[in-house]
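Below: one structure, written as structure tokens.
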Amino acid sequence: MTSTTAASTGAGERMHALASRLFPLCRSITGDGVRETLREVAEQIPLELHEVPSGTQVLDWTVPDEWNIREAHIATTDGRRIVDFGESNLHVVSYSEPVRAEMTLEDLRPHLHVHPERPDWIPYRTSYYTRDWGFCLRRNQIEALEDVTYEVVIDSTLAPGSLTYGECFLPGRSEDEIVLTTHVCHPSLANDNVSGIALLTEIGAALAELPRRYSYRLLFIPGTIGSVTWLARNEDQVSRVTGGLVIACVGDSAPLTYKRSRRGDSPVDRAGAHVVGRSGGRVLDFVPWGWDERQFNSPGFDIPVGCLTRSLEGEFPEYHSSADDLELITADRLENALQSTLEILDVLEHNRTYRNLSPRGEPQLGKRGLYRGLGGPDPGTEQLAVLWVLNQSDGSHTLLDIAERSGLAFSDVDRASGALLEAGLLAEVP
Amino acid sequence: MTSTTAASTGAGERMHALASRLFPLCRSITGDGVRETLREVAEQIPLELHEVPSGTQVLDWTVPDEWNIREAHIATTDGRRIVDFGESNLHVVSYSEPVRAEMTLEDLRPHLHVHPERPDWIPYRTSYYTRDWGFCLRRNQIEALEDVTYEVVIDSTLAPGSLTYGECFLPGRSEDEIVLTTHVCHPSLANDNVSGIALLTEIGAALAELPRRYSYRLLFIPGTIGSVTWLARNEDQVSRVTGGLVIACVGDSAPLTYKRSRRGDSPVDRAGAHVVGRSGGRVLDFVPWGWDERQFNSPGFDIPVGCLTRSLEGEFPEYHSSADDLELITADRLENALQSTLEILDVLEHNRTYRNLSPRGEPQLGKRGLYRGLGGPDPGTEQLAVLWVLNQSDGSHTLLDIAERSGLAFSDVDRASGALLEAGLLAEVP
Amino acid sequence: MTSTTAASTGAGERMHALASRLFPLCRSITGDGVRETLREVAEQIPLELHEVPSGTQVLDWTVPDEWNIREAHIATTDGRRIVDFGESNLHVVSYSEPVRAEMTLEDLRPHLHVHPERPDWIPYRTSYYTRDWGFCLRRNQIEALEDVTYEVVIDSTLAPGSLTYGECFLPGRSEDEIVLTTHVCHPSLANDNVSGIALLTEIGAALAELPRRYSYRLLFIPGTIGSVTWLARNEDQVSRVTGGLVIACVGDSAPLTYKRSRRGDSPVDRAGAHVVGRSGGRVLDFVPWGWDERQFNSPGFDIPVGCLTRSLEGEFPEYHSSADDLELITADRLENALQSTLEILDVLEHNRTYRNLSPRGEPQLGKRGLYRGLGGPDPGTEQLAVLWVLNQSDGSHTLLDIAERSGLAFSDVDRASGALLEAGLLAEVP
């Protein structure tokens, strides 16, 4: 598996196109929006859909009733629609109870929400675990409301059903698993998180084509309750998971960001920091805030799951508002995030420990054709990588150790180890 | 014990007033000046005075003869006083032998000392362990001396007596002790160190009113020989002392400063660095120079005693001169130093290790009323503290560990642990 | 052994004079140039010359045939010499096969080399392990060549003989050895490396006069094949070598530089970093590129050999060209490099661990005459060193540990330990 193989032309465009198809769907933590989303994903990669009944106890939580919505509006009594769910699914607070009533502005007002800073943006609000209902409006919409009676309709259902998530399992030579997750619970928000859904889908397609040392489990899950549910249903097998990545917000203009897991120096952390750090991105320490990494990194599981993003949760102004639309994300940035993710996985796949079979003095590289490209004062990256691998391969340093100590890219060190293996100068340490 | 309880209004003024009463007394390492000082302190807090006879062997040292002085002057033979102890007790070298003689300027000159840099300041000089005598003068005083015969009088006694120190013991639930010391051997010098005596007195008053996990031992001792004497007399019980603080020079304009103990990372060091570092003060590494921390941190004891100061010994220009007067110290700075010291002790008192009782995934905080204050992109300090405590409480991290890793204040982390304990989500690890 | 003893006046001039005598000799990895060089060195220090026959297997290498050259030129058929080895021994590619031919410019051209950047410099080229021949020219020389037939002569021999190296062994009280090496394979190049040969010779002369705790082995060896040969012939005894230094490029204007060994924190590394760091020089991490440290630091030996240089290999523009001449190196810089090297060895010689015999509290230094020089606010280096040694000497810290922690010079800490030993306050820990 190499990143160059995976960097198939057009992946960025393909991801942006998938994101555009997913954008209009009204997703929430349960319901048909999630199912439609997962069916789109299943067109690209093998995806198993799971349905977990409402009321199921999952760790400290309970799977909630399923929510579906068909229509909603606020209208004057003469039928003029002030706010219409058909225009934007952000207009309705997610998980709103059904409402069908006439009410005064005074009674309606506590159910109306605007963006705290931007009058022209519709905010995104939810009320998953407290029964409530509400509308989200642009500020000018709320200011135009007169002190009259309004017809208020939310044609939703909130009733026993199930929570839906998607799972794509790609077996590798080892039963050790790497889990890759993204949240599928947000309605028409582009960076957060149809960008993540599109990227994880493309990663799945790329991994399916590659030889795999590790097994990979891709989870398309509603935030928090989804990872809690998956962990609860897989408690027996969770020890197989050696690490993972949460993928979200990968299309905006912020630099690529790797947030470490609770452990901080697990293999995925070191691979993430190496790749993202060298690409000029940000490497941040763990904080128990963010997305589903919070559940994996809880102390009872302590599974080292890092986070691959551009902006963090809440870091970009358009966050959780109607301004987080398809223009905020670009094919280029999605493609670049894909490359980096595959490079991180490439480090995990190819990190090995070797023993130098000619460890006393340097072996004479010239007679083996490994001292080429020399002559000037600067040995060049290729030559340095060969010398570093020979020098450090005493059976106790991995290739990533060598890359970190030498300051060379993992890919250069890996390539040098390949040449030395071929020359019979290295043996793998099991 | 919380810093807010202790921050009783007027503490700064109270300390400055005590400092002002103590300032005129002629203290030295022994003698009545120390006894009067300790009697003033004993008006505020329960203080036991100890008298240790001259000649007593204390570790590698011997308690010296006791020194007392009534009067001293240099006068012309016609009775005009050039230098008068009555004007400033700094005029006489501390521990000067008695003198009563007429002598030429030439014979007198080797006994006269001026400030090396400031002609208008009287320097402070001592000669504790070498029999000698001398006067300290402003430079203009010495320059005005004519080449005539002078009457020189030092009406002192230097004779077997005792060394005096004060001890205030405040028992806690544990026999483990924290020792807090300040030196009481300097005459009319304000920052160094009536400021320290006043602060330690106020700390004693505050601690006396608070529930205490640790036992506290407050020592008002002459520098070096005092701590050597206390350590010698308490060698059997010294293993109870888990750490401590030397308090000195806490009234000048330098930023608050914590100097680490020899160990560098003991509990008091971490608490001191946390509180002083967060307040914008300085955190310095151990140096075997300074005050009585030198004795506690000697390798045969190795008791982690740090130092809480503003200026360090020798760091402010007025150090050991008549310019170190009551105007150099302010009530505000004393109050601020009091707050920080109590906060350091608060960390020691409340640092605990807990175990998250719902460690697999995050517990559902909403149903327990612990997810309040949310909604915007920023979780807020209170919420973050709750999540950090849950995430790190696997039985191996103290609250201070969590504060250090999260970057939150200890007090915020401590408050979060209280809320989680109440919700039944934490148990203390003994 | 102290650096002041060794800093004999005139050492810089003496080294520059030796460098000037060595400069004209045509050295290579074998041959009479090396022998003449070693005979010059042997005039100054006791040096044993070793001859290792061509064809000898040494680790992964084979000792090559011996190369000697008497004369070489390119001339027009009417006898006008265009390029003449007599003018500069850089004109001939080192290890060129014998040639005696008439050839067209077209056939000659592949054998002509110029400096890639500087038209007026003759480059230095070698072809040790691939049979070849060639000339190195200034660019204007090559541009002046007309398209005619030339007489080409290289009067060299490349035939079984031997590889020559010099070894100076200075026994110490311990059998543990410190190895000091320099490469002797470069022809008329001043900084790289007659500067190193001259410095190592002077170090040998200085060490011979000093009492020695360690044994010292000075190796004057051809690059790479020399250290490989020495290691191969001494595999049984190599475990005695506790560390060492490669010395090269010590005369140019770059700051003094210590490059760490593979281990990075061995005694020689800590001594090198302490001395060079405090002198304002550079301390660099290990890289498996450079000179003979590559062989010592190979994983099968892992002997901690650092590198003492000014410029590193390839770092100065004149590197491997005719501009690396005697004007590039100065007596002052050679003398300064000598001082620093002897200071590094002084740290290794005098680093000890002591136990404070009066560890409970500070011993009373005044009564032992060790509290002199006091009185002002600043204790002074001498006093601080005494206090640091007492404070840290619990049997687990070496003098170098103490110097590193205190920020004091090793020499100050060493002097303080001497005074404390004399006062009976310290005992050496074996």
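Letters A, B and C mark the chains as written, and numbering starts fresh at 1 in each.
Assume a contact is a pair of C-beta atoms (placed from the backbone, for glycine too) under 8 Å apart; a residue touches a chain by one contact, two chains touch by 3 or more.
The model shown is predicted, which means the values in this text are computed figures rather than measured ones.
J.: Taking all residue numbers used at the subunit A/subunit B interface, answer same if over half belong to both copies and different if under half do.
T.: Looking at both copies, the contact residues mostly diverge.
J.: Any idea what the CA-fit rotation angle from subunit A to subunit C is, to the nearest 5 degrees?
T.: 120
J.: Counting only Cα atoms for the centres, state how far subunit B is from subunit C in Å.
T.: 54
J.: Between subunit A and subunit B, what is the gap in Å from one C-alpha centre to the other?
T.: Averaging C-alpha atoms per chain gives centres 54 Å apart.
J.: Multi-chain contacts only, two chains or more: what residues does subunit C have there?
T.: If we look for residues of subunit C contacting two or more partner chains, we find none.
J.: For subunit C, which residues count as touching subunit A in their complex?
T.: 59-61, 116, 125, 129-130, 224, 227-228, 231-232, 235, 262, 287-289, 294-295, 297-302, 313-315, 319-320
J.: Along subunit A, where are the residues that touch subunit C in the complex?
T.: Counting only subunit A, the residues touching subunit C are 356, 358-364, 366-367, 375-379, 384, 387-388, 390-394, 406.
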